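Structure, as structure tokens:
Lettered A, B, C and D in written order, each chain numbered from 1.
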């Protein structure tokens, strides 16, 4: 199986317009180079999805979020059906900056499966990530509060948080892809995430705030190409 | 193990003041009569907890909800610590009328365990109830959307919704008490809930809107005393 | 001043992809024909904004919603700055299907003004629309609960709900454009909205669910061209 | 008119149980002493309301929050009708720690008026407090973000934030009582709040975290007794 390198654009200044397209193109070049061993997943804001999808050929594109509604009279909400039409490969939900109700997570996992969309569901603690995994998403991302936004690399923070989560997830789900979703800023961190039993990483500022996002993507992909 | 008869007072006109105290007293008499075989759990609004606790001797009292906050600067929220001080036996969370974020459910289950409070966590679908059960609450209640508020007794609705949920829950948790949480209006329904593999019932309008709540409590307890 | 014909695409089956582009093109033709007297405003989902903006020349495009966040680490949220970059003329907020906190409404009105974006803010009652108007948005839309989704035309429902709202709004704000935002399905309704003292209409299903959306747009624009 | 000394108990460790009762008794003694010139308002958590109401004779008791629901099938929510039955004088809503939707604020102001409950509605900015005032609550509290939780006394922070808010409120509402709702920790601050054109103060930690809450209440009431 390929390792995953997922990049959350968030709403950073580089997440939209020309800067976002450039990061997408550079990431696509990295995706092409490592196509045999690493899957690059880009997560731009909803407004940028169609343009970025028409720009990349090797990288996959996921939405950063989907709303737990059906097609119909829902103003200012994006149901999975619209994202399917847009052409994304999948959706991310329940990011630490956008936590959702348990019911809505379950609805979106089921609905996405029905529509042929993949799901990447984030969670904070071993117990909550295992609960998510029991609902059979395509991927989960472990975001230990110990690591989020601290800049502490997972290799130096308590790594047992990650391995404990992997253990609990595997008790309820042997297939789900597990990403390390916080504290990854370097190739060394990415490699450590793999050693701890996860199958990839979910990064954001490391790439989006980098002086050279393409170079940072190369560093991370290269570390995951093992 | 005793079967559970849990009564959600909601914010019904009978849920507060003198009417609520009367229902509590009548329920306590039923709790006394069936103390060997049925555990009666009363769930009044937060404002009524202290008075009802000082009124009953045999029935257990749970809060209808707790907020996922710590003790501190949280205006208009009730953390579990306050409920512990009030003297409740436990808390209910994630009722279909008050769905919560997955993270908050996990926080409240952990925090309650730490404080010595029991948890009753509601859920809608087999997948979401199993996800909840994987986080080790004390009780779960299955509220199939097919049954909520329809007045259709579980014995006549598709009973496999309940038994499927029981099956999925037992795969991840062998101990959690499972309640049937929708569509129970009669002793016959309560008995059917037990036959389907659950250990009790969570009722609301059947008692709170009854012309004779004490009589309805007796009917339900009597059916569960098996 | 031109009258306003605003079309909320919501998340209807016609709100995205090829169907949405066709409605946008047809609406643009209507906008061209009535450019001296009617301003056509289109409100597509966030994912469709860039394509529709590059499709129309006469119609204005607003976002259906914006999130009350800054540019930065906000996953799955769209701050006004992104919408400014996308090129919309303005944003709608607080639609009856997407009610917001008072604070967030105030933040978005201020932020939009700073960015040079117009705001269309919806409200339900005379009191709440007047409260909104006191915060100086560009437009408000009156959505009386008596009219929403009932299919009852404003000309036959209690028209004093609209005129009372106009009176209360004008006491605190003499400039804001007022739209009638519910119960408009025909040219006759649109004309009635103008007679009641509002400066335009906000429609949704009348156009989006029409067998011939372009023809319906023409009918409404023609009625407003007075 | 009497000046107002309102004490938000929040969910502080002193906000419930014996400690809360003691603060209530001490505050009641202060309320008695200054009954000709200062109105003391206590805002305990929902669980403590009945006991505190039966403890005090001179102080008024408000709820810290009410939920925008009717009496009925609403689990874990407290409608104003329950609070009316409990016996409170009024409700506070939209505190900076519990912001609400504009619609819900409007609903609760109207409903409270209908039930004979007073309303104290908080707001952050001159524009949002004026919008609130336009909906005719009984009191508003100005909580400038510049002052909340900073410990900076209003007398030393930019006092024009308060006076600007008073100006804007008075343009839409000549009657509403205005409280200064952040940054008050001393009698000097309380007096400054009056000088700036407000009719009282809303405090929390100054009393609830005080080594001697009764003494702090006396200091504040004494400063307001002018």
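The rule is simple: a residue touches a chain if its C-beta (ideal position, glycine included) is under 8 Å from a C-beta of that chain, and two chains touch if they have at least 3 such contacts.
Source: prediction; values computed, not measured.
Between chain A and chain D, the least number of touching-chain steps is 2.
At the far end from chain D, in terms of centres built from Cα atoms, lies A. Residue numbering at the chain C/chain D interface overlaps substantially, since over half of the positions present are found in both copies.
Overlaying chain A onto chain B using CA atoms gives a rotation of 180 degrees, to the nearest 5. Chain A and chain C have Cα centroids separated by 34 Å. For the pair chain B and chain C, the distance between mean C-alpha positions equals 44 Å. Shown for chain A are the residues in touch with two or more other chains, of which there are none. Chain contacts here close into one cycle, and each chain has exactly two touching partners. Contact between chains, using the touch rule, shows up for A-B, A-C, B-D, C-D.
Of all residues in chain A, only 94, 99-106, 109-110, 123-125, 127-128, 130-132, 134-136, 172 touch chain B in the complex they form. By the touch criterion given at the top, residues 8, 10-13, 15-17, 45-51, 63-65, 69-79, 81-83, 85-86, 92-93, 95-98, 149, 204-205 of chain A touch chain C in their complex.
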